[in-house]
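Going in written order, the chains are labelled A, B and C, and every chain counts its residues from 1.
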Amino acid sequence: MLKMRSTDLIIRRVFSSLTSLRLQPFSTQPAIQERLETFRTTENSPLNHTEDHIGQFYRIPPETKKQLFLYGGLAKSYEIQTKTFTETCFMVRKPAVDIIYCMKTIDYSKPAIRFVMYGKKGNGKTLSLAHILHYALESKFLIVHVPWVGNWMRRCKESSNSEVKEGFIDLNIDAAAWLIHFKNQNAHLLGDPELKVAEDHVWNKRETTPKDAPLTELVEFGINRIKYASRCVVALAEEIKKLSKAGKCKTFVAVDGFNALFYPQTNILTEKKQVVHPSKVTLTEAFLNLTKFDWNNGVAVVIVDEIAIGEKDQISHLPRYLLGKEGFEHMDPFVPILVSEYTPKELKSCMDYYRERKWVQPLPGQDEELTFLSASNPYRLMLLCNPL
Amino acid sequence: MAAIKTLLNKYQVLATKTPLFSAFIQRNGMSQYPSYYIKPIYKKETQEEMYKSGEVQKMTHIPTRAALNDQTCSVFHDELLTLFVNYVMKDGLKVLTRELVEKSLENIKRIQLEKYHKAKTEEEKQNIELNPKVIFHKAVENCKPLLQLTPVKRGGVTYQVPVPVTDKRSQFMSMKWLIEAGREKERTVKFPEKLAYELIDAANNTGRVIKKKHELHKLCEANRAYAHYRWS
Amino acid sequence: MATVTRLYRQQIFRPSYILSRHLAEDTEFRVLNLKTTRSQPVQRKKLKKPDVLPPRSYQMPVDQDWGSVWPGPRSFHPATVPLPIRQGYVDKGAPPGKYGNAELMKIPNFLHLTPPVIKRQCEALKRFCTPWPRGLETDSKCEDHFPVEVASSNYCYSSPSIRDPMARIVTVKVKLSRIPLDEHAKDKFLRLVGDRYNESTDMLTIVTDRCPLRKQNYDYAMYLLTALFHESWRVEAWEKLKSEADMEYYDWKVSASKKSIETLFGKEHTDITHADTYSQTVDALMNEGESEYSVTKYGEAVRQMLQLPQ
């Protein structure tokens, strides 16, 4: 017994030495306070973000986040992070600032301009788009946002033959889900009495959406009558274009995984178990219609991503390859926007942010090693920081 | 093998003919290196210290083994953790195992951060350890048993005799218990999650592994009467 | 017991027989030869080496006329070649010397083609030659005057037949730039010749071997060249159907890209400002393959054209 006690004592001593050895996060508190200006900006409105804010984080309020991203739009891994950090912060990065600046200066009476964001996997294309979406929300754009086209083409909920168009496939449940997303994102604008339907939409013998009905009615109809959801989305796209042309609203179209609309191998099958080409899906029509240039008062930002296509075809991340010939001709002339890896400044600021959130314990020489291990790729950096 | 080596060490006369014998040893031993190869020093800090103290001069011309593939000079390298990874590993799936252990460290961090944000006073916050590696070290240290029971046969009866354990053995047992506790779970729960909880519990001196240790200690205490069988 | 005694008896009988034989041969002194060995071992026949002259190379003077020692092609002979040659490989030690070395005999040698011999032979042949035509001094001049290069091979070796089936093959080479072709004709010509045209050297190569005689093959090659030329200049009615997918390179002027910017701006592409840089970048993007650089250039051109901030 005596022996045991003595060893216990020794162990306790070892503990105390261990705790004294470890780097205490609170000892570095003043240093973090000093750096606060460098990695975090108090400018929380994306309307005022300029080149000076590049590399800094800004916080978006939970209500805004709920409105914009309740039904998708942020990666799952990022959602987990926001839950742990108890706040949602976006880094102001060059591509987003670039597009926002362009959107401020565009002459909206001219045909719609299309931006194509491209970049390697995990470079933060979707988060840059989220930043731009926030800007669009703040500057009262009507938002048409598709969180991930791959959800439709590669793992659709349900498919059925179109009643109106021969040989076309409807994805009604997905369409209805998207309509809910659309309604949620534009809740503050849809109440506007100016937004009216421009022509009659006859769904069947009994149900029609008459001319001059509010746009909300069309959306509500699609949500309630799931059978007509796909047709409703197509009609809605057409209506939005007309409204924008008439100058009643400004529209911001954002499509993530846009190249899935041109990739021939989908997971949608017909009744005869034949693969359906995306051009034979009614939803495709709606969003291709919205990314044309034959209207004004609108901007389209689409993301082309390697992950949206089959793994065997993930050869290049460049837009011409991902869009294919058809897609390139559809988008041309577009403005390619490269979303690159973190610059050293951005990486530093990201690591500072992690340290401030107590996610990563400060350790000398840490940032350099992580830079090399992650090759400055934001997603890889996040994964590497997880167990630290 | 060991007998030959000790013989070699004892008789200086034989030691002069080492090359001949070392070839013999090498053919029979498992190592690809001759016995006079020293282990590498792969930590930069230790290297620098050795340069300062001049210890390097001694080993400049001694042939050195190559470093193992999990011995790096990375700032994140933790010897105990790599050992732990090796203990968790099954069928040589090291990459998977490392991922699992890293995932459990991540889970520890998430749990602790949640506690941290829930804590109201500054003092409470200060008491929450956020470094998963420190928690891990603490947990392993807390779970180390001091005594162990070994069966000893005396007069046709097998007695469970309490025996003190070496530091290395107790460390192994502590890690083994932690891993066992992590594996004992519902089918729906994942290993990293369960391991994270066990590690946090052990670091707080609570939980099943600590209980197991105490039970063992209690048994040893109960069997103290047999202790003399160790040497008689 | 009985069998043992019989054996014993037999053993006794044999020596007695040998003994009696010896008695008959000589009576000098009887030796008991128990082991039946012959008295004198037979002398081994001594191997007699044939008389061989020392290698000829030992007697060769330093200033001899090598051309007469080794006048024609011949396989290697160690005694004739006064060189300390070694050839081959052994595990340890130097390569084997030249005597009895099959390695040296296997490989072809050019000992009959030493520079002085060649010089002498050229001198001897000179009186059968005509002077080099004037005006064809350099290779470029030759090429200029005779753009078509015809090649065939003669074979000569010590078989009973003096004909070789390979001799009939005729190769005709011509530079494509020497054939007068316009854009359409050139395109058609290239499609007709297929892989017979080497783009890096601009050389067209026609090989004919389908006829039994060289003359016929040559005629056929010339016919092919003529036919190709005339066929490529002819424009068939169906050639108007050539669409964008059949183009061998991306041409912006007939592309969908041009159409779309013309509808976007509502005017001809010549009237659009910065449309020319745009078209160049699209051409580069499509023809030279996509890269980070070409995409950036394309983006810059589009921004310029759409009057967006850079």
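By our rule, a contact is a pair of C-beta atoms (placed from the backbone, for glycine too) under 8 Å apart; a residue touches a chain by one contact, two chains touch by 3 or more.
Note that this is a predicted model, so its numbers are computed, not measured.
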*Middle chain, criterion being Cα centroid separation*: A
*Farthest chain relative to subunit A (centres taken as mean CA coordinates)*: C
*Could you give the separation in Å between the centres of subunit A and subunit C, each centre being the mean of its C-alpha atoms?*
61
*Interchain centroid distance [CA atoms averaged], subunit A/subunit B, Å*: 45
*asked:* Centroid of subunit B to centroid of subunit C, CA atoms only: how many Å?
replied: 65
*For the subunit A and subunit C complex, residues of the former touching the latter*: 101-102, 105-107, 110-111, 113, 118, 293-294, 316, 318-321, 329, 332-338
*Which residues of subunit C touch subunit A in the complex?*
256-257, 260-261, 263-264, 278, 282, 285-286, 290-292, 295-296, 298-299, 302-303, 305-309
*Residues on subunit A engaged by subunit B in the complex (per definition of touch)*: 1, 3-4, 7-8, 11, 14-15, 18-19, 22-23, 25-26, 80, 84, 86, 357-359, 361, 363-366, 369, 386-388
*asked:* Under the definition above, what is the set of subunit B residues touching subunit A in their complex?
replied: 74-76, 101-103, 105-106, 109-110, 113-114, 116-117, 126, 130-134, 137-138, 141, 144, 146-147, 164, 217, 221, 224
